[in-house]
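Next up: the structures, one after another.
One chain, subunit A, links the two complexes that follow: it is found with subunit B in the first and with subunit C in the second.
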Partner chain A sequence: MLTTIKKDKHMKKIILLAIVLFLGASTNAQDKYFTKNGTITFDATTSTSPEKVAAINKSVTCVLDSKTGNTQFSVLMKGFEFEQALMREHFHENYLESDKFPKALFKGQIINSSQLNYSKNGSYDVTVKGQLTMHGQTKDVEANGKLSVNDGKISISSKFAVLLNDYGIEVPRLVSDKVAKSASIKVDCILQVLGN
Partner chain B sequence: MVLIVLATGVYFYVNRKTQSLNSTKADFEISAIKFLEEYSSDQALSDKKFLGKIIQVDGNLKDIEKNEEGFLTFVIGDLTSVSSVRCSIDTTVVIDESEYPVGTAITLKGECTGFNSDELGLGADIVLSRSVIIPN
Partner chain C sequence: MKKIRDTIKVLALLLLIWSKVSAQEEDLLKLVAEDKPQKELVKNAFKATRVINSQSMEFLSPGTMDFIILHRFGQISEGMSNFFGLDQASMRMALDFGLRDNLMVGIGRSTYKKEVDGFIKYAPIRQSTGMNSFPVTIAIAAGTTLNTLPWSDPLRQNYFTSRMAYYSQLIIGRKFSDKFSLQISPTMVHQNLVASSYMSNDAFAAGFGGRYKVSKRMALTWDYSYLLYGVDMDLYNNPLSIGVDIETGGHVFQLHFSNSTGMNERAFLTETTGSWDKTEIRFGFNLSRMFQIKKKKESPKE
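This part shows the complex of A and B:
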């Protein structure tokens, strides 16, 4: 009789372990979210500029690990589209030197990630802290934003300012009445679960 | 008189809008598969060759993606591979997505903006911007 009880306990442990492992394995697939169609716009228009000094990139790659709050954005600089051809040429050839530095990268973490419930619809104010590498320079960046969970998709939006000088982006004095020293960066991404 | 002509010329040069690529000749014509092979084998060399150039690329249409702002991306390549050439469609061109069924052969022309190596098991991508569809 004793041996049967011992066997039962053993079986129960195995079953419990199997359930935990199974759950663990299936939640792992739900941990990472990504997009390859994120949008980032930058705007460096001064108040005295007759035209908009702005560009949009619609092919931003973003990955978010909901378990750790780690997030990464990858931006191909040549993907920034300008309305005016000359502005595009100046920015890519002279200021951003996109041929030399074709990719910008942000690696950071959502600070309050552990307080967010990624499995339920909701909207949260978040702060992201990390490092932005652009034009060959890496600087610390902290930005506020909003994270919303909507039927399994995560949308991230944020607006922050970047000092062009910090990244060695030199704007000639000739156009300093049009191009601002500080560019406003707007990020909008909707992420889906990796593995689906 | 000459000054007025010059001034007008300069004005139009300075203020020209980015044109759609419909009337621009491609710098390269290549299949999506070969394009990905070249980039995967030597990214630095491929960047020197292709970055900023107009590429006419052909392949199978794997997917049409639309982001929340309505921006379209045609994903083309080998249907059995995770790597693709992603063609972000020129927003000044109106497209009826239903005319392009997934799985069919398609040719697009766009500006090469670079290469994303496979970091997540999602496959490597080449991204073309301002893409237009070349009719058969």
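This part shows the complex of A and C:
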């Protein structure tokens, strides 16, 4: 094949183009940012609840590909910390069934990623669109947030709501005055370059 | 002919590029090393720290206080005149405290013989999955009861220590599945003073307790003790209780039928007079309410 290529000018151009496209399309580790200590809090407290129905997870894994805007989160359900031990037991045993569904995953894209300059300090309003898998159910999620570049580190933050029913999480009528139908989710992660 | 061959080659090359590009969108998370599988304690084999009467293999989370009211009505065999036992009542009030994940203490007082009791429960080994997994929870419980009734014969030489009894037991339990748990508890009870000189001061029993979860918040429970030695079987019977656990928010309701009146180890193991054969069983309930008295330092921010 190579001998015939040498003689064919057209073929040479096509292969050159192919190589350029190939190189342009690959991303290397320098374009990827990650953290294993991201923070996610959820709050499902109603106005009539005597206690806060909320928890915080400080060991969230997040990976961001700055070349494509791909963003993925992995959240270990048992990593959520509660003020009340009994609330944590019920959360895992009755609501999220964490033994059956140990992790929540989000796979999505930052829509306006190509407009962001990841190599310069700056702050941008972003929209992330993707799929959230929790309690065995997958649903489309779209959320607005902020992305800031600060000396090579990327901070992302976002606040959005999820309907518990969408993910098969049942709230019995008996506690419906304490546990809200939708939970407010807050994401705060500081990502650094994924070195090789 | 040559043009076609070339086109095919180009298409093949472009296909290679495209597959490399699309592969980038796949699992980014795989690039970040997964944490090693950790040891995980198995929890909630039973919904409460007592099966019905006996200590269960479960513990309270540290910083938790459990206020429990145990109630036993009269015997159903007493019929309509006593409203099938509901006109009579025997009660125990208790406060349990969770000190560590595997250590708890509790105090209580029963109206039956006006007995005050206290216990400590410790699990040196707990059932766990993951790294270094262990198939069962092994716990030790020990307690004391103090009879506070006035002496029946004040003129006799009465000793304070005669009011006391002690029990110690080993609890070996396993959560077989999300729905089914089973535990056995060999127990020893020592009473400083017994009713008659022919009776033994020491009694040995083997407890069998279990639960079968019927729904997310409801379970069937049974609590049986087989008396091995030291209890006069002409007067007394093996205690057997069967019931239902219902969990709602911060409360656990345990509703059951039992042939024992006593609600501490000394009382229900050595003094169960009722017999299931003669429907000398009583309806009763345990009501448990948990309070978090020592909150964790960090809490979710606003």
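FYI, the second predicted complex is superposed on the first by the 167 of 196 C-alpha atoms of A that agree within 3 Å, B and C clash if a C-alpha of one lies under 4 Å from a C-alpha of the other, contacts with A are read in each partner's own complex, and residues count from 1 in each chain.
Note that in this section a residue touches a chain if its C-beta (ideal position, glycine included) is under 8 Å from a C-beta of that chain, and two chains touch if they have at least 3 such contacts.
On a predicted model such as this, the values are computed, not experimentally measured, just so you know.
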- [ ] Mind working out whether A:Asp65 is in touch with subunit B, subunit C, both or neither, as first, second, both or neither?
- [x] second
TODO: Go through the superposed model and pick first if A:Val175 touches only subunit B, second if only subunit C, both, or neither.
DONE: second
TODO: Return first, second, both or neither, reflecting whether A:Ser98 touches subunit B, subunit C, both chains, or no partner chain.
DONE: first
TODO: Would you sort A:Ala55 into first (subunit B), second (subunit C), both or neither based on which partner it touches?
DONE: second
Task: Partner touching more residues of subunit A, whether subunit B or subunit C - done: C
Task: subunit B versus subunit C as contact partner of A:Ile15, first or second or both or neither - done: second
Open item on the list: Which partner chains sit in contact with A:Ala161 here, subunit B, subunit C, both or neither? Use first/second/both/neither.
Closed with: neither
Open item on the list: Applying the document's definition of touch, where does A:Glu81 land relative to subunit B and subunit C: first, second, both, or neither?
Closed with: both
TODO: Name the contact category of A:Ile190: first (subunit B only), second (subunit C only), both, or neither.
DONE: first
TODO: With the two complexes superposed on chain A, say which partner A:Lys32 touches: subunit B (first), subunit C (second), both, or neither.
DONE: both
Task: Where subunit A meets both subunit C and subunit B, residue numbers - done: 32, 34, 36, 61, 63, 74, 78, 81-86, 88, 92, 99, 194
Task: subunit B residues touching subunit A - in the complex, by the definition given at the top - done: 13-19, 47, 51-52, 65, 67-69, 71, 73, 86, 88, 111-114, 116, 119-120, 122, 125, 127, 129-130
Task: subunit A residues within the subunit C interface of the complex - done: 1, 8, 10-11, 14-15, 18, 21-22, 25-27, 29, 32, 34, 36, 41, 43, 52, 54-56, 61, 63-65, 67-68, 70, 72, 74, 78, 81-86, 88-90, 92-94, 99, 105, 172, 174-175, 178, 194
Task: Residue numbers on subunit A that touch subunit B, as the complex places them - done: 32, 34-39, 58-59, 61, 63, 74, 76-79, 81-86, 88, 92, 98-99, 102-103, 155, 188, 190, 194
Task: Residues on subunit C engaged by subunit A in the complex (per definition of touch) - done: 6, 9-10, 13-14, 16-17, 20-21, 24-25, 27-29, 31-32, 35, 40, 43-44, 60-64, 98, 178, 216-217, 247-250, 290, 292, 295-296, 298-301
